[in-house]
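What follows are several structures.
There are two complexes below, and they share subunit A, which is joined by subunit B in the first and by subunit C in the second.
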Partner chain A sequence: MDMEQQHTVADKLKVSPFLVFFLIHSMQVGIGVLGFQRIIALTAGYDAWISVIFAGLSIHLILWMMYKIAETVNGDMVSIHTYIYGNKVGKLLSLPFVLYFCLIAVTIMNGFIEVIQVWMFQDLSTFWFSVAFLGLAIYIIYGGFRTVTGIAFFGVILPLYLIFTFFFTFPYADFSNLLPIFDHPIKDLLKASKNMSLTYLGWETLLFYYPFIKDPAKSKKWAHGGVMFTTILYTLLTVTTFAYFSEGQLQKNVWATLTMWKIVQMPFVERFEYIGIANWNIVILPNVCIAIWCASRVLKRTINIKQKKGVILVSLVCLVGANLFKSRNQLNALFTLSGLIGFYLNYVYIPLLFVAVMIIKKVKNQ
Partner chain B sequence: MLNWFTKKNTHSDVKGNLDSYLKRSKDYKQVYYENQKTNQRFCFSFLSSLIDESILEDHALPFLLDKPFEKLEDIKKIVSVADVQISNDPSLIEQKLFNGYVLMTMESDKKNFAFIAAQKEIVRSVTQPEVEFSVIGPKEAFVESLMQNVNLIRKRLPIKELIIEEFTVGSLSKTKVVTLHIDGIADPVNVETIKERIKGVQFDAITDSSYIVQMISDNKNTPFPQLLDTERPDRVTAILAEGKIAVLVDGSPHALIAPTTLVEFFSSFEDYFLNWILSSFFRLIRLFAVAFSILITPVYVATLSYHYELIPKDLMSTLITSRREIPLPPILEALFLELTIELLREAGARLPTKVGQTIGIVGGIVIGTASVEAGLTSNVLLIIVALAALASFTTPVYKMGNAIRLLRFPFLLFAELWGLIGIVFCFCILMTHLIRLTSLNRPFLEPLYPPRLADFKDALVRFPFSQQSQRPQILRSPNPVRFTPPEKKKKTDIDE
Partner chain C sequence: MKKIIISFFIAALLLCGCVQKEILDDVNLETGVGYDLVKEKIRGTALVPVYQPDKSVDNKTFTASSKLSRDFLNDVQRQSPDPIVTGSLEVVLFGKELSERGILDLIDSFQRDPSVGAGLYLAVVDGESKKIIQGNYGNRGTAIFISNLIRHNMLTKDVPKTNLQLFLSDFYQIGKTSYLPQLKKKGKNQIMISGISLFKYGKVVDTIPGNKMFFFKLLVDNYSEGTTEVKIGKEIAAIQSVQSKNDFKLSRSPRNEVDITLKINAILNEFSGNKVTKKEVGEIEKKFKKDVERECMQMTERFQKQKIDPIGLGHFVKSKTRNFDIKKWWREDYPKLKVNIKADVTITESGVIE
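Right, the complex of A and B next:
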């Protein structure tokens, strides 16, 4: 296992356990939150808030498995793979994750660029904005994982005030919209939960930065806390949205969250969604950074590319990707694809890994 | 006579070389005397610009001329100067001569020399702090003399644990640099780091502590200062007690403090003299002022270039009226005014005080009013820019104020490029830069990131002293307890 020793992380590069809260939460909240309400209401109607809670709760189970796996192997995804499949096959099987994280980064970044183009600047150049955005991401990642975590931390703290803006919708809200409860079959609710997964996605990155957590056992409660915070936030947002829009109205609003901001009025600000979208830049940044960091980290661990070069390589791939998928239809396909992959990765592959690791552990112990 | 030096011993080359150089300078003097009792001949060599001749005349010469002595060793007993050193190492001569010693040699004892201390101290008397003025509190500021400065600190911290170590840097200037720390309170790792960095300084002439600060900071490519400089001995005392390290440079009236964090640059030392509620309020005002001064002009440019929908109707009409006849786009208008303010400030700073004031008033009133009347800029922007300039002067540390003023220009460019998105984007770059900065390898943004709740007691706001029983965590002090807080009394109810 000399390979493993080569990749042990120095103590001064590790982050405190409670920062995992911000890493998990910031990665979960991204572009989906701006318009997930319509999609889940499509299948489960105004009972969909139950699906939001259900999907949120299911994550805790997966998260528990992930910690079990990581604790057994005491390493990241690549270590898990080598633990199960052996060194060479394990590394080979880890490579697709590079593409997966590129896909995530492109999805999130292009989603944001689309929002800007639709709501603020019709003629914003996708190319130049993605160049600047990826450049910033490279600058952040060059600062090491601690800087990435810092961006995740501020990506949660700074936009937190936006929660209060939803109080402006309360005078216009009609909570009886939610009644009657349990009006839809369980199957629809489950389907809506599955659709919700794109919005919740991102906690799987834990398996990649696990070695960078100081005292990982202590980080468990913070990781669960981060997921729970997301769940609470999404549930409240769903309920508020459902109370604010009627069902028919909601189906006409692709970006329901943004539309709700339109009602915010202050003596010096009229169209608050402009400020909201501009602020969303800070929310999106950690998503892209963590994804690119994970991709470059996997590259380093598998084919031994220096992370400095890996980051640039991954960013170039993302740049090409961002400029390939620009039209609404392509973007939709992109969202669906990354949602689907993410769903199967989290709800099928990770439980399988869990079973495999547990069996191998038993065998090795005997 | 001078071939005493050249003939003398194995090191004669060194000395002959030195002597021939020194003789080219006007202030180098050699005087010969003869003892009246024993007829011993002896010679004084010194640099008259560095020594106080009255010391020689009053405390050395009378005794050396009248009292008998045979060897150099004997003079220690007869002269009334405390610092007399005897040596036979000619390599010391240069250093001693330039430090204000008088070299004494005897014809009969050519191997040894005596160095008699007779330094001339030309010091400015201690004055009031001008850069970090405070209404309340001590009114002493550092001066250029190193020993005087050390004295100002030493007398405030009369403990043996205050360690003062000296280094010499600069291949030509041979500047004395001292580090001060309290043993047992300052983190030894920090002390080692700063000593290593000072030893590593490679330069010819170091004339001020600002040179040192640029050479020992962690990151050189940043507008932000990473070491705090102060002219207040009371502030240095306070930070030494916290567990930080101070650096004093001979010839510089500014001490350096390390490690520092960003929030410290926005705390004035007067905050500690005021009640905690007031000082917290002032600190928050200052932080608001910084944010305001960086962001307000870019926001003006962004909204008026791209997002006028953002502005409510009533406010919009005011803006439209003021901008109706302006031919320039908002960005040029803003750049024009910002650059004018920068010019005024720069001109005011370079000119003698009185002329500078006049320029400020003439520039501010005349140019401002004239440019509005000429229709070059809107009066709303004039107000905004003037307020932003005013706000930027609230930063208590001068060097940080400079950095703050520079920041608004990239923000302006990004605002012109992508409106509000651009401003937030530029903010993200700034945030990343700040996260990446370190001061003596400690995170510069602490306690904001990495978040440490305990250190918030003296950051954005200042809690009462009774709550500050621990030293800041970032300093990793070996002795983190400042004082043991008295046990809490049981809370009593009303009228008990």
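Right, the complex of A and C next:
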């Protein structure tokens, strides 16, 4: 068919394969980590750590499919769509992704603003904070995809020390909370896995920055490594949480991860949550940057808006979106919505794409 | 570029005044609080340290009564020149009458407040908590004094591990009930830990006296330390547990028996007799073992009768049983549960003299 559609990226704009590790991991870890334990324990009790591992493993399968698809069409999501549906319909069907990534950016940003408002400053203005945060994101994205990747790199490395703070909970941990293992039916475990998959979301962005990876075949192991690192981290966090809280107590805490920091006491800081939450800014910054970058990239590829303009446009949409959701209930609805869309996108739509691409490839080869 | 820089500075200027500042010198740090039940209302006494130029600490207290504990804080705010903040709360005391009526509503506010730490100490007072809060105990401030008192007794003596987190964790644990240390005013400016208050649904139902705390700690804590006395005939020996470990075992079928093995490594601190020979040490060991078994046995029987479970036997059985039925456990199984206690005592040292 038409080869002029192949959108190529100049080599100097590409990133090294190993950086995919940070891109994927930083996008996966966002606002969900702060409170996912309660939600998975609600369905699968304290067996839910099995669901964490299971959901983590399932990602590798989808990731494998994603690489197969991307290799076949040698391009990003828009190329995949044009490959399957043809030029016009393909581009039209790619447009909803702009909204999806706006939704992701708003979800993450609002989730974080809510945390600041509840834990630190009740009177923090949602509007001004989102203005400042989006301004920063625009500034980073103006540096190009390589800068976004750099932020993702630091977004993983700098807050990594936070892992050690969870050792403070060990003197109060009771690991017999986790016994007996497999006390819940498989059905509940699967349900919890589905809920858990929402916390893992974010690796689907790979299909959007795929053309920006130098030597994509080499990046495979790093992508899988990034997902595995997230899985290990989440599993350890889940087990630590379950040992620290009794089951009834966990259900009371909306942000279990933050509540665990309440026990941390150091000579120079009375309450560690404040440092932790401030640090979380660095954790969610790459999330918002990558999401907005993806949205503006799709705009550029489909309706030919310059990315610099696209970023502003997307950020404005995010700014409006961020100020629409304010109360606990609205935010909960927002989280559920973006989680559901993300789930069906990753676990239903991508496998369907995989099947379609494989069939078309066979047909074309004949 | 210039525009961006200018707009950035404008945004920064606007953002400056966004949130409420809390400067340490301009707030009153509430370090301790005591609650009592007075005329069907909850009376709270907040303790605020005032730091003097000569580095000593004055204790200022504010008192107010209300139905809700948060209301109490509002009333207290109206008496204070600077805003009172709860960020560095160290101890919370509950008066006797109130703790027998239930303290759950009050605990809820500490759990809900993000600025309150999980390492907070809770304690029940034998009498009125206001009297303890208003006392003067040394120049580091009352709250620091009480929290140090509890901490040191917890780390090296007979008080079992306790803080807000452990209390809540036990409270919400299936098959476990919570406990708190009990304080008592001794003289005008003296307080002491007088026992352990045992809770049932947030109400104190029983108290373990101070001289039995050693045995209680053996049952509930791993690696406990503490001191107790052993009487042999006319002589008395003081025994210090250096290390202990409790091990629970559930019988196979029928699963209605729990074996508790207490492994204790102890040293002999003091002996009123003339000589400490191998024979004497053996005798002391034997007597000590018997004492531990008897006291712990009495304690577990007492718990079963009152349907409280500070040891967490229900939690233990749950961790060994699939499809554990907690309602049936409290109603039928727990009162009938057979608890066997075996102490395994080794006296390793008897001091620097022979």
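Odds and ends about this structure:
Note that the second predicted complex is superposed on the first by the 360 of 366 C-alpha atoms of A that agree within 3 Å, B and C clash if a C-alpha of one lies under 4 Å from a C-alpha of the other, contacts with A are read in each partner's own complex, and residues count from 1 in each chain.
Definition applied: contacts are C-beta pairs under 8 Å (C-beta built on N, C-alpha and C of every residue); 3 or more make two chains touch, one makes a residue touch a chain.
Just so it is clear, the structure is predicted and the values come from calculations on it, not from any experiment.
Of the two partner chains, subunit B and subunit C are each touched by A:R271.
By the touch criterion stated above, A:Q249 is placed in contact with subunit C alone, subunit B being left untouched. Of the two partner chains placed around the shared chain by superposition, subunit B is the only one that A:I140 touches, whereas subunit C remains out of contact. By the touch criterion defined above, A:K262 lies against subunit C but remains apart from subunit B after alignment on the C-alpha atoms of chain A. In the superposed model, A:L124 lies in contact with both subunit B and subunit C. Once the two complexes are laid over each other on the shared chain, residue contacts for A:Y83 go to neither subunit B nor subunit C. In the superposition on chain A, contact of A:A132 is made with both subunit B and subunit C. Applying the stated contact rule after C-alpha superposition, one finds that A:W222 touches neither subunit B nor subunit C. Overlaid on A, the two complexes show subunit B and subunit C touching the same residues of subunit A, namely 120-121, 124, 129, 132, 139, 270-271. Taken together, the subunit A residues at the contact with subunit C in this complex read 118-125, 128-129, 131-132, 135, 139, 172, 174, 176-177, 179-180, 183, 244-249, 252, 259, 262-263, 265, 270-271, 273. Residues 4, 8, 11, 14-15, 18-20, 87-88, 111, 114-119, 165-166, 168-174, 176, 315-316, 319-324 of subunit C are the ones touching subunit A in the complex. By the touch criterion stated above, subunit B contacts subunit A in their complex at residues 306-307, 309-313, 315, 418-421, 423-425, 427-429, 431-432, 435-436, 445, 449-451. Those residues of subunit A that touch subunit B in the complex are listed here as 15-16, 19, 116, 120-121, 124, 129, 132-133, 136, 139-140, 143, 146-147, 150-151, 153-154, 267-271, 274-275, 277-279, 281-282, 285.
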